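Two complexes, one shared chain (chain A), two partners (chain B, chain C).
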Partner chain A sequence: MGADDLLALLPLLVIAAASVVVMLAVAFYRKHMLTVQLTLGGLAIAFISLFAVASVVPRKVTPLIIMDSYALFYMGLIFAASFVVTILSYGYIEGREGRQDEYYILLLLATLGSAVLVSSNHFASFFLGLQILSISLYVLIAYFRVSELGNEAGIKYLILAASSASFLLFGMALVYAQLGTMEFSLIAQRSTAADMRSALLLAGLILITVGAGFKLAVAPFHMWTPDVYEGAPAPVSAFIATVSKGAMLALLLRYFTLVDIRTFGPLFPVFTAIAIASMFTGNLLALFQDNIKRILAYSSIAHLGYMLVAFLASGALAVAAVSYYLIAYFVAILGAFGVITLMSGKVKDADTLDEFRGLAGRRPWLSGIFTAMLLSLAGIPLTAGFIGKFYIVTAGVGSALWLLVLVLAVNSAISLVYYLRIVAALYARSLAEEAVAAPHLSLAGGIVMAVLTLLLVWLGVYPSPFIRMLQTTVARLI
Partner chain B sequence: MILIWLIIIPFLGGIIAWYSDRLNTALPRWISLIALTFDFALLLALWFKPGIVLPPAGNLVQGSTMWLAELDRSWVPQLGISLHLAMDGLSLLLVLLTVFLGITAVASSWTEIQDRVGFFHLNLMWVLAGIIGVFLAMDLFIFYFFWELMLIPMYFLIALWGHENRFYAAVKFFIFTQVSGLLLLIAILGLYFIHARNTGVYTFDYLQLLGTYMQPATEFWLMLGFLIAFAVKLPVVPVHTWLPEAHTEAPTAGSVILAGLLLKTGAYGLLRFTIPLFPRAAFEFAPIAFVLAVIGILYGAVLAFAQTDLKRLVAYTSISHMGFVLLGIFAWNETALQGAVMQIICHGVATGALFILVGALQERIHTREMGRMGGLWATAPRIGGVALFFALASLGLPGLGNFIGEFLVLLGSFRVNIAAASVAAVGLIAATVYALWIIQRVFHGPNTFNWRMPDFRGREMIIMAAMIIVIVWLGLYPQPVFNKAGQALGNLQRSVDIIEIAKPRLSRAGDTRRGLSLFTDEAKRSRRIGTVPGVPMEAVNGR
Partner chain C sequence: MDKYILIPLLPLTAFIINILFGKSVTKDKAHWVAILAVLGSFVLALHTFTEVLGGKTVNQDVYTWFVSGSFRVSMGFLIDQLTAIMLIVVTSISLLVHIYSVGYMHGDGGYYRFFSYLSLFTFSMLMLVMGNNLLQLYFGWEAVGLCSYFLIGFWYEKKSAADAGKKAFIVNRFGDFGFGLGVIMIFLTLGSVYYADIFSKIGTLQGQTINLLGYDVNLITLIALLLFCGAVGKSAQIPLHVWLPDAMEGPTPVSALIHAATMVTAGVFMVARFNPVFSLSEVAMNVVAVTGAVTSLFAATIALVQNDIKRIIAYSTVSQLGYMFLACGVGAYGAGVFHLYTHAYFKALLFLGAGSVMHAMSGELDIQKMGGLKKYMPVTYWTFLIASLSIAGIPGLAGFFSKDEILWLAYNGGPVGKVVWAIGTLVAALTAFYSFRIIFLAFHGKFRGTREQEHHLHESPKSMTIPLIILAVGAIAAGWVGIPSVVGGSNAIARFFQPVLGHPHVHAGHDEEWIVMGISVAVAMGGIFVSWVFYSLKPGIPRSLAANFKGIYTTLWNKYYIDELYDFIIIRPVKWTAVNVLMAVTDGAIIEGIVNGIPKAIANLSARLRKLQTGYVQHYAMSMAIGLFVIITLFLIAASK
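Take a look at the complex of A and B:
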């Protein structure tokens, strides 16, 4: 391993080092503000290091990790999202009971796990990244031990994630038994040979799909999502919805770009069924919820279904479409959970529809931002979600996936009902006794929300620079 | 650049109006009014713009000379999207209508809306900006962008300031338009990829996509995607059910914009996109469109007659009147098209005025039930007089604009489909019945509930006077409108003819469309030989 290899690994090393530094700092001097600053510093340095690394990519560092522009792009997205989550967490945790600082160590570790996932080229690094991510999340979800819902969510996530990980391991073992390799590129190479396409290999791939599907929370592996989103602290829910899912999707996209999913027997129909089921399950169940976190949970199931449409379209257009949609989705989900975070009191999260009724009268800017985020999730013009949805439909039509595209159209309409329900509540007259004194807005939180909103509008109005960036980074995967 | 300003002015005006709310609640109204007046002035400048010598109608004019004004900037070059706005006579008329009705909408909600005034005007102005964008867009992506953009503020107008059942009506409206909008998007993308496969150029530009060659079956499906989106907006009968709810529950300004403008975006879409982009499929579909149009005319009129809610009644008359527009568009000859455009404009003004009248009545007596009205003429003679005028306009009294529109549509469609035109004419009788019925039930008879109410005053009379002048002007001297629309319509017709002739397949419906020419010698001969009328044999055989 030479100097260039180490340089290529720099972002991962920085994040790992940051978690160690925070841990040491916490051991000697506990101060919430300092911990947050160290965490943010680590994430910022890691983000900047991506530009330094850009000169040595693409490069395979050991058989486990591949650093290419695709991985760098997704790492950038993950680091930026973690940065936002950290800032939101500060205002959320400050003043709450209990130890505050370990939270950030776990957050950094979860970020590290996600970064390993997006750069992984091997089952071993896949599994390692996944476990680093999952184990950090178990604790983060149940971080506030006074919260009953949080504990329940943590246990639920632990059991389901552990069992899905065993599915994943078994699947990997089957694939290894058949092909004798765990490296993605070699798997792709060897599985093209017709005589290798045995039932064993297929069973292995299906089991891996199950394991990955759990992480992505696509139907029918979505059961944990609403409870975990509701029980977890709002910033952690935001992290699960964005970073954890995004990393897994990026990995799947890399894998199935190597192994053409269309030529692979029943895998294509299986993914089609998953996409359709996710869209319908997510959107239909969201209609019946009164808790905004649960609505966002179901809506995220549907959004993953949308992304699978473009995922199945495959090709350079599809990879760019998924990535664009993912950026739009990251911004909108972080923004939406950000509003919930900022609105939350010190005891309980503000997540029922009633707590948001008439928000426009009390907090016009915050409710304006929330409206923009929700409309983006619904895919309305002037927001990032519109271009994202357009991109996905373009990819779908380009590959003539008519059924999926029509299902997407129908679902997009269904989803409007619940998004608009929240939006209408925001602008309704507030119930008189509901005039809860909303907590004071922190400056950092306000700035983050403003930046997210500007980004949302920029992505929706002038997407050209972003698309150009995607074409020079992500689309190189093909 | 003038075109982008037409959109930006109401857009920014809306934002300023929203924010000025906290200073003074009258401020948003004035700001909106000023912004729209400014837009109106720009449009008048375009109307009278000297130096544009339009070539004689009948020639296809290509390139920049085709437009009164044009803007073409690259927007997302990677996907072939450009910010292409352009205005011809047709767009000019429709944008003028938009701004005119926008001003009346602001004025008519002057006292009705007292709650969240700033946000109301934000939505009102953004809806108008979206509609203007729809009428100007010459890039299909931009068109879809504005098409979707105008929905959200409209949803808010209904859901927040509407009447009793507003949330249901707003969501229903939204879902109908959203689903059909996504079908439109899919069809646009289908066209985009077919064009790219044929030529290697990825573009959403309308002029480049015109004349894209495709298999008849493909053309039919794509045409259907375009048709459904516009049919929902128009609305055509099986997909009209959102309309009565939305119109009834919306606040006055919302109803004016819905009936006066949103329905017209559907008609405009059919005229500008569906038929020119897919002429053969559209003309094969024409017989069905005629049937739907006639059903709409009669069904809307009959259901209007069955209503007891005055606002709902007016809403159903829109379905009937839009049937004439559909008939005229699919008849696709100059007479019928001019009639359809005239009907679009006059229906917008007359029905807008009727909704303002109903809104004024509701503001005064807090009911829309005709059973609870009666004898109102005595207490409010001005309201009665104005209502009588617009009821007469709506039933198509000669001398008023609506008559010109309906008459020309019937005249034009008679040449294409005698049966459809004859049955549609019955709709005029039904219109007479319901229009006079309104006047009788509301303004005559005994005033059983002893209503006492203030009559129209200055502001309301000014709005009404302006609308009356427009209707009378269009009824007595419609030529300026014909001149403006004629060039644009001629261009659309010519572009369709070129596409039709360029393709070696003779469309049966294409012949009936030319109506009488079927019976000329040339047409007979060419049908016998199996070539296209007007094209020399060598040209066909040479292919």
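Take a look at the complex of A and C:
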């Protein structure tokens, strides 16, 4: 392992170091602000280090990790999202009862796990990354022990994630037994040559699909999502919806660009079924929800279904489409959860529709931002979501996936109902004056929201630079 | 290139500032932002114009929104002679209307809202005229329509204003539907939405036909007529003219800017822009010419008997727009756009003058209740008089040169040309008559309003009269760029437009040109004279005429009963069907099965799915297990194949 190899690992090392530094700092000074600053600093340095690393990629560091522009891109996305989540968390946690600082250590570790996932080239790093991520999340979800919902959500997530991880591990073992390797590129090579009717290989792939499907929260492995999103602190929900899912999707995408999913035995119909089921389940369940966190949970299930459409289309355009959609989705979901975070009091999150009714009168800017985020999720033109959806449909049409495209169109129409329902509530008259005066907005939180909104509009109005960037980084994977 | 981007971007910025901060920051200073922005656009437009005058034309993409295969959505500018003149018209009129509105809208509750809409409109209109592709044109087209809707219904508490806004929007749907189809047809047949591609490739479609309901239709004719549908709606031609007179419910500066000088001329602009397409289809050309001629006559006759000052001017606008289409239809696109340009000044002046009168009369619109305003508001009177002389076609003023050019080229345009020339000449007489009817009834004679109104009469503030004076200069001098050679001019504008709009072949000689000109001057003078006799010398005549020709009078007074006709053949059947068929059938649960059934089924499904979401973690694990089982089954089925 040479100096360049170490350099290539720099982003991962920085994050790992940051978590240790924060831990040590916490041991001596329990100051919330300092902890947050260290966390943000670590994330920022990790982000900057990506540019330094860009000169030595692509490079395989041990058989476990591959650092290429694709991995760097997704790491950048993950670090940026974690940065936003950290800032949102500060305002959210400040002033709450209990210990505050360990939260950030866990957040850094979860980020590290996600970063490992997107650069993983091996079952071992896949599993390790996943576990680092998951175990940090168990604690983060139930971080505030006074919250009953939070505890319930943490336990649920623990039980289900642990069982899905066991599926995953067993699947890996079976695949290894059949193919004799745990490295993705070798698996891809050997499995295309192998007999797809081999029971071991089949069972292995199925079990891995279940494990990954759980993390992505696609139907029928989605059931935990609304409970966990509702119970977890709002910034943690944002983290699960974006970073955790995005990392897993990036990993799948990497694997399936090595093998063409369309020729890869029966995986194609299975993923098609999962995509369709996710779109319908997510959107239908969101329709009559009154809890905004749950609505966003269901909406995220549906969005994963949309992304699977482009995923199934495969090819260079598809990779770019999924990545673009993921950026748009990150921005909008972070923004939406950001609004909830900013609106939340110190005891309970602001998550019912009634709490948001008439917000436009009280907080016109915040509700304007929320509206923009929701419209982007719905895919209205001039927002990032529209361009994302457009590229997904283009990818789908390009590969003649008519059924999926049709289902996507129908679901987009259904989804409008519940997004607009929230928007309508925002601009409706307040039910009563008793509506609690919204808490004071922190400056940092406000700036983050403004940046997210600008990004959302920029991505929607002038996407070409991003598309070009994606074509030079992500699509090079092909 | 940056300069061109700034032209539409400045008003857009003003819009964003005023809509976001109007309530809290700019408030009653909102006009500063808007005026400075449009002033900047105007200066840049002037600069662009001089560049084009020097022979520089630009066709360049500025930014690409997104690309997908051969389909590209981008924003780009085509700056040529046609665009340059439109830029001047739009920015100059918009600037003057902005300034005028400072006085006119003073103290209105929605002051900042008004200026932000004006800015948005200016932006949209500039996008419309500057675009180098059909999608951008379409964007601008719909955006100006939306602004028009906002501004007609600006006083939305007033039911008639809200209704008029809706009417304008809905009537335009009919035209825009055809326009949209035209855009799609062009993309399907030529594979591009860019003007340059369309114009270079349209020739290849010549002779091709498409089978529609069993008839073979010439493809180019079909495309041209579909595009013209949009123009008919936007420029208020028969049969979609009904929205424009009602649109006068909006604030008067809006009527001047949108419903006289700029937006309604978008249709003419579009036909002129697509002259390479229209020129290839004789049928389409004749349809355009005849629609224009008939509309201009029809609207002019209605204007003869109306009493609402703004509606008279509105019908006059419809009539003049018909004139422009008449010109395009005989191939004289240059003359049509020339008239568009002169008309913008004298018509905006007429509207703003009417606004000034309303301002003094506390909102009174009925010219029968005015009279003698000349001595109270001299600036308004003199400028209004200049505008009327200009629209009547009195030699030396702007309207004369453009109208004369149209009539002369129509006269040269074959059998259809001769017919529309005759109609045009008749319309010229009517125009002179009804324009001076306003002058004599409103400004001369004795005041016929209430005591209170008379007491209140005053000249409007400077911010309103100065735009009037500037526009009056335009109404006099705007036409001097098109003085025909027969009277010793150089007809510079015709040569200016030549590269992009062409110039029809003229075969008749100079003496005929003198005769055509003489006739049009004579009928204009005649119209004014008759108007003087009717409304100043012997005021009894109109009443006895109305009594003697009661049928004609009431038909004109009721605008040929077109609104009633539409009410009878469209609105009522639709309502009747809605009430008696749709609702009855809904009771019969057939429609419910289709229209409500789907949402209901979705709701049902949703409710069932929700039951699965129990909250018990064991159920969740169960779901995963079942999912695993189903996937294994799928795998086995797929693998066994």
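Definition applied: the second predicted complex is superposed on the first by the 472 of 478 C-alpha atoms of A that agree within 3 Å, B and C clash if a C-alpha of one lies under 4 Å from a C-alpha of the other, contacts with A are read in each partner's own complex, and residues count from 1 in each chain.
Going forward, a contact is a pair of C-beta atoms (placed from the backbone, for glycine too) under 8 Å apart; a residue touches a chain by one contact, two chains touch by 3 or more.
Source: prediction; values computed, not measured.
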Superposition on chain A - do chain B and chain C clash or fit: clash
Touching partner for A:A450 - first (chain B), second (chain C), both, neither: neither
Contact breadth on chain A, by residue count: chain C or chain B: C
Contacts of A:I159 with chain B and chain C, given as first, second, both or neither: second
Chain B versus chain C as contact partner of A:L416, first or second or both or neither: first
Contacts of A:A177 with chain B and chain C, given as first, second, both or neither: neither
Which superposed partner A:V20 touches (first chain B, second chain C, both, neither): neither
Chain B versus chain C as contact partner of A:F390, first or second or both or neither: both
Chain B versus chain C as contact partner of A:F288, first or second or both or neither: second
First (chain B), second (chain C), both or neither touched by A:R468: first
Touched partner set for A:L406, first chain B, second chain C, both or neither: first
Doubly contacted chain A residues - partners chain C and chain B: 390, 394, 398, 414, 462-464, 467
For the chain A and chain C complex, residues of the former touching the latter: 155-156, 159-160, 163-164, 167, 196-197, 202-203, 205-207, 209-210, 213-214, 219-221, 223-224, 226-227, 265-266, 269-270, 273, 281, 284-285, 287-288, 387, 390-391, 394, 398, 414, 461-464, 467
Chain A - residues contacting chain B, complex: 360, 375, 380-382, 386, 390, 393-394, 397-398, 405-406, 408-410, 412-414, 416-417, 420, 424, 427-428, 462-464, 467-468, 471
Interface residues, chain B side, partner chain A - complex: 75-79, 116, 119, 141, 144-146, 148-149, 151-152, 155-156, 159-160, 167, 170-171, 174-175, 178-179, 182-183, 185-186, 189-190, 192-193
Partner chain A, residues of chain C touching it in the complex: 63-69, 602-603, 605-607, 609-610, 612-613, 615, 617, 619-621, 623-624, 626-628, 630-632, 634-635, 637-640
